[in-house]
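Structures incoming, each one as structure tokens.
Look at the two complexes coming up: subunit A is in both, with subunit B in one and subunit C in the other.
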Partner chain A sequence: MLRLHEYTYHRPGSVAEAARLLASHPGRARVIAGGTDLMPNMKHGLFTPEHVIALKQIGELHGIEERDGELVIGAAESLASVSRHPVVRAQFASLSQAAGSVAGPQLRNMGTIGGNLCLDTRCTYYNQTHFWRNALGYCLKKDGDVCHVTKVGRKCVAAHSADTAGVLMTLGAVADLESVNGARSVPVVDFFIADGIENTVREWNEIVTRVRIPLPSPRTRTAFQKVRQRGAIDFPLLNIAVVAQLGAALAIEDLRIVVSALGARPRVISGLDKVAVGRPLDEETTEAVAQRAFQQCHPLTNIIVDPDWRRAMVPVHVRRALTELAAGSVTAAE
Partner chain B sequence: MHSTIQLNVNGDRRTAGIPAHYTLLETLRYALGLTGSKQGCDKGDCGACTVLLDGAPILSCITPAWEAEGREVRTVEGIAMPGELHALQHAFEVTGGAQCGFCTPGVLMSAYALLSTNGDPSLDDVRDALSGNLCRCTGYTKIYEAVLMAAQALKRDGGGRDPVPGDRDAAVVPAERAAGE
Partner chain C sequence: MRPEELRPRQAGSAIAPESLEELAGEGAGSMSVIGRRNRKVDGAGKVTGATVYTDDMALPGMLHGKILRSPHPHANILSIDTTRAEALPGVHAVLTGREMPVTYCVIPWTRDEYPLCVDRVRYIGDGVAAVAAVDEDTANRALRLIDVEYELLEPILEPERALDADAPQIHEAGKPGRNGNITKHVHLEFGDVDAALADSDVVVEDEYFFQGSSHTPIEPHCAIGLYDATGKLTVWSATQVPHYLHRELARVLDLDVARIRVVQPAVGGAFGGKSEPFDLEFCVAALSRKCGRPVKILYTREEVFYAHRGRHPMKMKYRTGASRDGRIRAVDGKLLLDGGAYASFGLVTAYYSGQLLTAPYKFDTYRFDSTRVYTNKPACGPKRGHGSVQPRFAFEVQLDQVAERLGIDPMELRRRNFIGERTRTINELRVTSNGFLQCLDAVERSSAWSDKFRRMPFGRGVGVAGSCYISGTNYPIYPNEMPQAAVQIQIERSGRVAVFTGASEIGQGSNSMVAYIAAEELGVPLEYVRVHSTDSDMTPVDLGAYSSRETFMVGNACLMAASDLRKRITAVIANEWDTAAAQVGLAAGWAFDLSDTERRIPISEAFNIAEAKLGTLAAVGHYNTPKDVHGEYRGGTIGASPAYSFTAHVAEVDVDVETGVVDVRKIWIAHDCGRALNPVLVEGQMEGSAYMGFGEALMEEQVFKDADHGRAGLHNAPSLLDYRIPTSMDTPELESLIIESLDPEGPYGAKEAGEGPLHPSIPAIANAIYDAIGVRMNAMPFSPPNVWRALQAGGAREAWERARRDMKRTEVAAD
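So, the complex of A and B:
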């Protein structure tokens, strides 16, 4: 039995009211949408806010619709509804697959797309009960001053573990944020920073309100690969999101690959213009891209599975994703 | 400090005084006495606490109780008809789908939600629907068998034992009314 600390639960009726509540309790409040990340973390004593501000009942945070050349998804839409939405399935197969592969069915009914974007980073030495962490002597991310992964590092290396974030980065999505100071938009590719303690640019008083994705062209193809121990429930050991613009004879006009679940920030694979753009998507190009991804990824012992094996899986799943793209057999998640 | 919460559980309106930080599972078990939903891992991994919220399976151990206010909660206590097991419960008994039984209430609720939207599920549909429920005894084979058997039984029996919550109430209420009159 894991008991929660005592807190006050607020259910505001609008984003403005939620933002006011959040701003009026600096350092003592947290927002909750699906609660699938925050509730277990609170049960482990990782967060002990005095005020918990619910977002899921706010009408303006819901809805999935096409508007001005974009698909606009309310941040409180559940991962289940995002993965099943007909436009998402038809236009953004990788997003449908990623949202449909998060945890298990119950958690997808609860968890939201905004919450997935703001998912706390995860580490063997962090996602443990207070008893466990106290026995070991705490860590850099919570209550301690030493990183048990790197031993000497001064930077938290907990793993970014959201499934949809890498996909949204490849799709050129934008996150809308709102606070008492106003609204702003941040491209998802700029949303994350390489610091496992607070790995997003979201300020403490900001709320993610929407995710906007530009509608794809007919030449766009997407793919998503996820590695985990079991076929459900587990967080990813490795995620690969790919978006390509393919011309005649599979000529690559543009290629974006994001590898995530290794470090605190999803990694955009660089230099693909040198090895892929302008070439056909064949075996040779696929191999060159896979090797480039391998060279740029350096997992650590932040989550339980052997980092060398996780690294070795990077080119394997980049190859699988590109083979899927070439075959054009990209299908939405069930 | 306790506050009063009103919940609609298995078609009954229930009122309870709970601390503000109680989960839905704690409210069901410790304030309403509905101990069918199990407290397993208590952090959203195992699925033993699965209940339906407006017909969709969710994990009550990580759902704040207040999120269930004004919505229809269905627990394992609310799937049998008076004096008669639900087809799923019967099938679990016949196939040996329950061994130690701890995961069973959660598995039943995930299966109940599946059968309310898909009357003729394939084995893959059943595996997907139950993929958020851990069982350490059965190896799942008997559980899948039970759900497929229940689906066939419900199809044979027609609408009378359809596991859609609304339909169940409709089937029960007229009989009670008739008795009252």
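So, the complex of A and C:
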């Protein structure tokens, strides 16, 4: 069995205490909630923090409730409870599906929504044991200076692999962060950057405390598609999140699509106002949207699955998402 | 003891005394244990977590060992400096290859592997040095303090490159002028193939690629060594061949075999991946000898992938000639086997890849040419269906192509070529019982084949495939004329029966199998049989759990011992009752008079009477194979088995033509196992086999990085996250249909069921994909990208429509 390194484990009682602990060990501490990402990464020697600060026992990081026109989800809520929550199921079918499609039941019971948002990027040259990475000669993201995917690039192209992030971006969600310097809010759509080494704007001393999602209008419809090899466990090969505001006769008032799991940053499909907004959500529009998504997505060999196929699956699953959305047949996770 | 205490409490085996009448009757119905749905004798321990696997064991003072592995695919070792590691507090011993410079291999003719590399490493993951320390963390730290200087050599990744005249030599050639990269070349021809091809009405020629695969048992390899103060070595190991391990330990460590004890605790899955000695077993023994403390090594999952011995990747070309009416006139195969860094079972694999194709269909002529080469990757070896799953995939797809060319239903084509029972194959293997036709009938009927084949809409299809497999091999791995299997039975006064067997229980149920036979013959309830297995100090020699030999061979040995005791006991009781021995029944905890079941005594009483008359009740039984059932040509013994099992599958698939996702809706599996000693276990093997084949067909990818992708020879995915085997969510519905041909030589007619049922699953799925979308998947796996690419290549719809037109035309012609 792979072994963990030695570290000091902290169980603070409040976010403020956790933030103080984090701030007092610059570069030597990491926070842990469900641990479903951090633990395997530590066993692979990707992170070797001297201090691990637990968050899950902090009461203020829990709770899912409607407040001031928003659904407020505590960052330490498990993916299982998010996917099953009645408001999520009724109002945000895509979020229920995305949270309910992460890994398997045991991992969803442990893994949290905050953790999913902050999930480390993944790459075939990175998520390996120390022995393997040593035989490789390491890589740009960890201990090395070469990207084996692009060969020349100075930016890490490891894949953003969080199932819920794209959905939260389309839903206009906001992430609340807290540190010893105070609190701030970042729209999830601005949360990610295109560098796989650290692909979020979260500062090293910040803790994600909440995710807030504006409650939808009656005209809002959502859809979610996840492509993976197996019916469970696997990280996504491709994720499509869609939110549409539909008027009478399926007239598109607004359409947001995020394609993720291809590169380091989820891709907001641009130019949909030109091909979709103001038109009916019919076959022709669907095809135009699907082609636009295809043109904007360029997967790499950061995952060990044929990038040409992954690219070809973008329009297929955009079409499927839009077709289901138009038919009103998107349902929450079981 | 009161008789009611002897009554069986397990629902499956419950035979009430009032049912003795039924058992007194004739025929199969008269058996009380065999053929009934009994529990596994070790099932409760496994489901409650009580079973002790090797890694669950901890001995006083036990140390933990780790092995330093090569980060290079091919390199000379210039120096190894262990001083810094030895100086680390907590380290008790450091070991290098120079301390065990003896080569080993499970096949005595191809010993090419050192327990730890001496002067050359041949794949990323090859063992270089080992340490024993107070705990795993200290051992891991010590590994990083061992300094190894390497001189890098050109690695060979592609088998074709290994054949080049100027290729670097991974191993030294046995003779000057030979290519040392060739483990084995086999060329055999039976009849005039070229003439038969020239004379055939149709000849189909195609190429196929089997990617190779890993066994992925849930339990990683684990071993504990204890070299005690008296100079006795005990090794506990998660192996499926404790006897071969025993012999190789003695050779490599230069110890008297009699001073070594090998124990195989419960094993958590093996599938052929634990059927030869591994570096950790030598290392725990040598480390313990060095420091005087017990030493345990448990592989990480990554190390399991490096130890490998999985299915060989094979590049295969086949030509099949057939007459207009579908008779197979000629089969011509050329196979290139990518063996990885060491020989393992490769010599046998090279033969099996050709020898085992000659049933269940009759070939007029047959030729195969198999070459197994070394490459700088983890060594390949035997996996469930050793050496014959790959050619079976190619050939059953080719048969489908022949059927299409001739416009004959592929089910019918297979029937027309049925080889028959009590016959010889073209390569002179003796076939006894053969229920293949019944297998075809069963899958055809259950799958509603005739309503579906070439009749479903685009995207949906069915496919059929057949196969045969061995029930053990007639010749042991090291030449000797001693029995292949032996069992000892001892009866205790309470009625308890102890069975001592060297058979390796690896989850397949060999402990249960001998218990069923002992309980059947001696009339005790199943729970009164205690099976003691695989401890070389206690149990008779058995060759191990490989080549599906245990039910047939160990079952026969057990039957011999148990029926010997039964005869002795019934003779004594008959004498007491003044009747004939044949009139005394032993069943369900009773000795009873077959003509008057009211006359009965508890079985323990019968045992006590017999013991008083005869002395201690014990018996030994053994089994040896027939030696005249193979061809008299070089290699003719390899593949010869006392009996063959037969299988047919129908798979039904639904292909998403946009994505290439193949949804296998259902697999119907019919398997001729001779007799199902316990139908539940046979069905379990059939389902498990089909599941495993399904995973290989659709998901598993045995791929290595090359120089353009990171590092040549690096395993792409040495973890269970990235090496994908199906989850319960992915597994199709499986329907098992047991066919019992009652083999004349198997115990109660039984043959194998552990490996045969895997073979048709892959070609049946490939053939179903063709029926669904008109695309021939000749290369594995049939993953979404690969199916999608095949569809992108174009012509699928046209091929699909042509296949149905051809079928309709033949139907009209037949009318």
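We take it that the second predicted complex is superposed on the first by the 334 of 334 C-alpha atoms of A that agree within 3 Å, B and C clash if a C-alpha of one lies under 4 Å from a C-alpha of the other, contacts with A are read in each partner's own complex, and residues count from 1 in each chain.
By definition in this document, a residue touches a chain if its C-beta (ideal position, glycine included) is under 8 Å from a C-beta of that chain, and two chains touch if they have at least 3 such contacts.
Because the structure is predicted, anything quoted here is derived from the model rather than measured.
A.B. asks: First (subunit B), second (subunit C), both or neither: which does A:V316 touch?
C.D. replies: second
A.B. asks: In the superposed arrangement, which partner chain does A:P26 touch: subunit B (first), subunit C (second), both, or neither?
C.D. replies: Once the two structures are laid over each other on A, A:P26 reaches no partner at all.
A.B. asks: Touching A:R11, do we find subunit B (first), subunit C (second), both, or neither?
C.D. replies: Once the two structures are laid over each other on A, A:R11 reaches subunit B alone.
A.B. asks: Is A:K56 contacted by the first partner subunit B, the second partner subunit C, both or neither?
C.D. replies: A:K56: touches subunit B, not subunit C.
A.B. asks: Let me test your reading of the model: by the given contact rule, A:G137 touches which partner, first (subunit B), second (subunit C), both or neither?
C.D. replies: second
A.B. asks: What is the contact status of A:Q229 with respect to subunit B (first) and subunit C (second): first, second, both, or neither?
C.D. replies: The second partner, subunit C, only.
A.B. asks: Which partner chains sit in contact with A:L2 here, subunit B, subunit C, both or neither? Use first/second/both/neither.
C.D. replies: After superposition on chain A, A:L2 lies in contact with both partners, subunit B and subunit C.
A.B. asks: Now for A:I304: first (subunit B), second (subunit C), both, or neither, which partner does it touch?
C.D. replies: second
A.B. asks: In the overlaid three-chain picture, which partner chain does A:H148 touch, first (subunit B) or second (subunit C), both, or neither?
C.D. replies: It touches subunit C, and subunit B stays clear.
A.B. asks: Do subunit B and subunit C land on any of the same subunit A residues, and which?
C.D. replies: Looking at subunit A, the two contact sets intersect at 1-2, 6, 104, 231-233.
A.B. asks: Write out the stretch or stretches of subunit B touching subunit A in their complex.
C.D. replies: Residues 19-23, 39, 42-45, 47, 50, 53, 56-59, 62-64, 66-67, 110, 124, 128-129, 131-134.
A.B. asks: Within their complex, state which residues of subunit C touch subunit A.
C.D. replies: Touching subunit A: residues 69, 71-72, 124, 136-137, 140, 298, 300, 302, 658-660, 699, 701, 703, 705, 709-711, 714-719, 721-722, 724, 726-727, 729-730, 783-785, 788-789 of subunit C.
A.B. asks: Would you tell me which residues of subunit A are touching subunit B in their complex?
C.D. replies: 1-2, 4-9, 11, 32, 35-36, 39-40, 43-44, 52, 54, 56-57, 80, 103-107, 109-110, 231-233, 334
A.B. asks: Across the complex, what residues on subunit A touch subunit C?
C.D. replies: Going by the criterion above, the answer is residues 1-3, 6, 104, 124-125, 127-129, 131-132, 134-137, 148, 227, 229-234, 301, 304-306, 308-309, 312-313, 316.
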